[in-house]
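See below for the structure under consideration.
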Amino acid sequence: MKYEFTMPSLGAEMDEGKLMQWKIHPGDTVTKGQVVAQVETTKAVVDIESFRSGKVLELLAKEGEVVAVNHPLAIFEIDEDQEIVTGGIKMDSPAKEAEKNTPEFQGVNLREAIGKAMARSKKEIPHYYLKRRVSLDLLMSWLDKKNALLSAEDRLLIPAVLQRAICLALAKYPEMNGHYRDGKYVPSSDVNMGTAIALKDGAVMVPAIMQSQKMSHSEFNRAYQDLVVRTRQGSLKNSELIEGTVTVTNIGDLGSDEVYGIIFPPQVAIIGFGRIRKEAIVADEQTRPGFVIDLTLSADHRVSDGLLGARFLNEIDKKVNDPESL
Amino acid sequence: MDTSMQMKMLMDMRRVRKMEEVCAELYTKEKIRGFLHLYIGQEAVAAGVINLLNAKDNVIATYREHAHALLKGISSRAIMAELFGRIDGCSKGRGGSMHLYSVENRFFGGGAIVASGVPQSLGLAMASKRLKERRRTVCFFGEGAMAEGVFHESMNIASLWHLPVLFCCENNLYAMGTSLMRSQSQTDLVKRAQVYVMEANRVDGMNIFDVVEKTKQALEYIDRESKPFFLEFQTYRFRPHSMYDPEKYRGKAEVEKWKTRCPIEALEKKMKEQNILSDEQLRDMDRQIDQELRDAVIFADSSALEISSDLEKDVFAPMKDQAYETHL
Amino acid sequence: MEKDKVKEVLKDIFHQVAPEVAFDGINMSLPLRDQVEIDSFDFYNIIVMLQKKINVVVPDSKLSELKNLSQLIDFISAKAGELK
Amino acid sequence: MKLTYRDALRQGLKEVLLKNENTFLIGEDVGAYGGTYAVSMDFWQELGPEKIMDAPLSEAAFTGLAIGAALGGLKPIVEIMTVNFSLLAMDQIINSAAFMRYMSGGQITIPLIIRMTTGGGRQLGAQHSNSYEGWLAHIPGLKILVPGTVEDARYMLRFAILDPNPVLIFEHALLFNMQEDFKDIPKDFSPYQAKLRKSGKALSLISYGGMLHKCLEAAEEMLKFGQEVEVIDLRCLRPLDEKTIFDSIQKTHRALIVEEDWKSGSFSAEISARIMENCFSDLAVPVQRLCRKEVPAAYAKHLEESAIPQTKDIVHKLQEMLT
């Protein structure tokens, strides 16, 4: 394939070089590292080498000619399969700055900023709270069977599956999703599911899985893991931090059985799930040990009420216990 | 050295050689800027010495440090991203080629001031001795550093206070453009070290077997006596001092003569004689290295620049456990 | 697969997933999650890496029973043995 | 309690060396000799040669060693006999200690204390009588403490040793025999903030270290003319406590900065510029500065003293600005 041999930059302050002498002729073969020409820079006459092996097709620059850095000097024919180590990038690709990952909390200590938002939320938003214990035995056995067949990367994680169930339930109960702004409720067709993620230094961030309603359960599963990894690396997008329409928090995983969240303004609901644990279950007159989890809902009374909230939790329970539907 | 050790040495030397060649190319394409000092020709020293260390030992080197940084544990990705000046660089793009750091890998940098690392290695050794951490401390520098005042001061203190440092002088015959004969009255560097009542030895820096053997002896002495040891590695850099050096100070013939003693080719020949190395293995090794470096270059180029609003971060370390409020 | 081989694999995984953890210092019988600062996501990473490295799938239902390191190692070495 | 500046320094140093086993003192003649200014007198006999290290005359090497020791997990306290000798260790102090954290992208921490005496006034000639704290306050990455009172000499080190950054402490040579009374450590003690040593409305008299007491004497003198001068003791040049300076000027509308360093490019010039940039509309008259005459220190007493601002010079300047 054609390869353009260009005037190399040999120092920060060099922007052109004078081609003094060619050491190669059209038709010659060139090996990597071979000196192919001499170039005069402001400092001295310097040998320049080829970084590719191949055949010289054409010499573009004439001896004595001044050529700008990166401008072509010659054309080589190099063999295709030569694994070019530096071939994976474009040499003129510009570098851009990382996105600021916490626009709202810029310069402000994260914990403080969240504290302020919570205080505002507690004051302004009339919360109502509901709890429901959900059995997970069915889900667990389904998961064990599924994961046994799936590859490592595709393993289904319980927190992701539970959030997936919530996402589907929200389709039936849209009043739990969206924003409350300037005195009125603004529903949202998208479910941007905010996920509370604890960082190593203890601060909590709530980035959202954007448009989670469009995802398949494996896509959702991968999006969930990707979000956690990127949160910890601090490489989130602004939109993921601002445009959440509902939030789920499973901070219970280490500590308490139940977690009552405070709604993240301007959202209208937050669902919490506590620790997965074994409890005595009474079913058809017998008690047996079974996996359970406590789901809690804190929602905005200006948008929905306890009755709707209870049906919403019930819908989540139905989804969790019908894993195939996820 | 057994077969696997020789294979590891060959792999490491070739990884360093290829990485430096890639850096040279990327410099000509303006992806890498600033100063760039390549290690091509001297690979046996860094590979031989550092492969005898373990993860918790301290290494402090100079601005010609890519090999030491890579072999002490900094990934080629983190190094390449640093040379590209990106946030995922091992120094977050703040250091560049001359200031690669990794506290996790106990690599305390390059340093652009000749011999500035030599006294610091004394402190690292003293701290390890006092905290009973049993870390070895290895300090790399060029023969040019031996003309610096602080070098004399440090050697005196190292010997006086029995500080267990392995001083590795990479004598490549030229301090930038000044040859050894024109910079040192006493060119027998081993004699120079012995003036400080310090154990010293000379090593053929182009022969990995000599490097390993003599370094092992030095490390055993240090572990036993907890005293410093000076090794002079006679080696040579095949490329100019840095990218913009017209190389008027040495002849082409001299360079070609030393190239015939390339440490990598020497090891390959030896291994083939023991028929523990086939061309097929060499091709595999090259493919593996090319893949690693290709991935490192793509990683570096896709890594972002640090957010400019973070410019003033990390000038000072935050005051964590202070009992009083400060206005920092 | 013998237990110390499993322990070696786990040590390597821990080094990657949670490098700051001093693996050798972990007490075999005390609950793992009390001694080490890893949350459920890190724990999942460890389980996924186990599958990648030695093809052992730890089912969720078992997770809550494997409280300490020796239980985890016993379970894995048994499961790995089955596959041979 | 009542202590001299020297004894306060000694108690402060002893306390820190005993309290934290990873600390050690390193410098020329700090051990057997007991320290050129006797700050570490008897420490060597009591704490031993590992804790109190007599270094060869190698400022660059033992300062570099201390940096390495800090990297290795110890807490070194370097004594450079006088600021004039610190010139030999400037590369290690600036190019390494000050910059390493930033160059490493925030990985490296260098908890290092460097103490040196500063200032002139004892006929030691041009090479032993200078003040370079102002220069070093120019370097981002170094913290600069300039204790001017016995209380600060006693307690500053207790906090500086907790600081994970390089902290340079400049102890003015003329203060060592000064005795002052002071109470237990104040609750909100912080070495990184300025302090009003005397409040007043007429003018803000800004100083630090060896010049502080001449300013206090001058302010006392001005009371006779019914002028209440506010005296600000900076205590720390980097980070500089701008707030205390600007608040004072918003009240007094006049500022005189007194410093023992040469005027051109001195730290007083920096303070004056910041006042102009931030409190221009509050200024009734331009900011004035009283600094050392731009000559190397002479041996002859009358010459050296005429170069360095004295109390009468400060009073004269105050009268000029206030009447």
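For clarity, chains are labelled A, B, C and D in written order, and residue numbers in each chain start from 1.
Basically, a contact is a pair of C-beta atoms (placed from the backbone, for glycine too) under 8 Å apart; a residue touches a chain by one contact, two chains touch by 3 or more.
If you're wondering where the values come from, they're calculated on a predicted model, not measured in any experiment.
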If we look at subunit A and subunit D, which chains touch each of them? B
Write down the pair of chains with the top C-beta contact pair count. B-D
Relative to subunit C, the most remote chain by C-alpha centroid is chain D
Centroid distance [mean C-alpha coordinates] between subunit D and subunit B, Å: 40
Cα-centroid distance, subunit B relative to subunit C, in whole angstrom: 37
What whole-number Å value describes the gap between the mean CA coordinates of subunit A and subunit C? 26
Which whole number of Å gives the spacing of the CA centres of subunit C and subunit D? 56
Where subunit C touches two or more other chains at once, by residue number: none
Among the residues of subunit B, which ones contact at least 2 other chains? none
Pairs of chains that touch, anyone? A-B, A-C, B-D
Subunit A residues touching subunit B in their complex are 6, 8-12, 14, 32-33, 41, 43-46, 48, 51, 69-70, 83-89, 91, 93, 95-100, 106, 235
Touching residues (chain side subunit A, partner subunit C) in the complex: 140-141, 143-144, 147-148, 151-153, 155, 157-159, 197-198, 225, 228, 250, 253-254, 276-278, 291
Can you list the residues on subunit B that touch subunit D in the complex? 58, 60, 89-95, 99, 101-103, 108-109, 111-113, 116, 118-128, 130-131, 133, 149-150, 153-154, 156-157, 160, 313-322, 324-328
Please name which positions on subunit C make contact with subunit A in the complex. 33, 39-41, 44, 47-49, 51-52, 57, 59-61, 64
Residues on subunit B engaged by subunit A in the complex (per definition of touch): 18, 21-22, 24-31, 33-34, 84-87, 243-244, 246-248, 287, 290-291, 293-295, 297-298, 301, 304-309
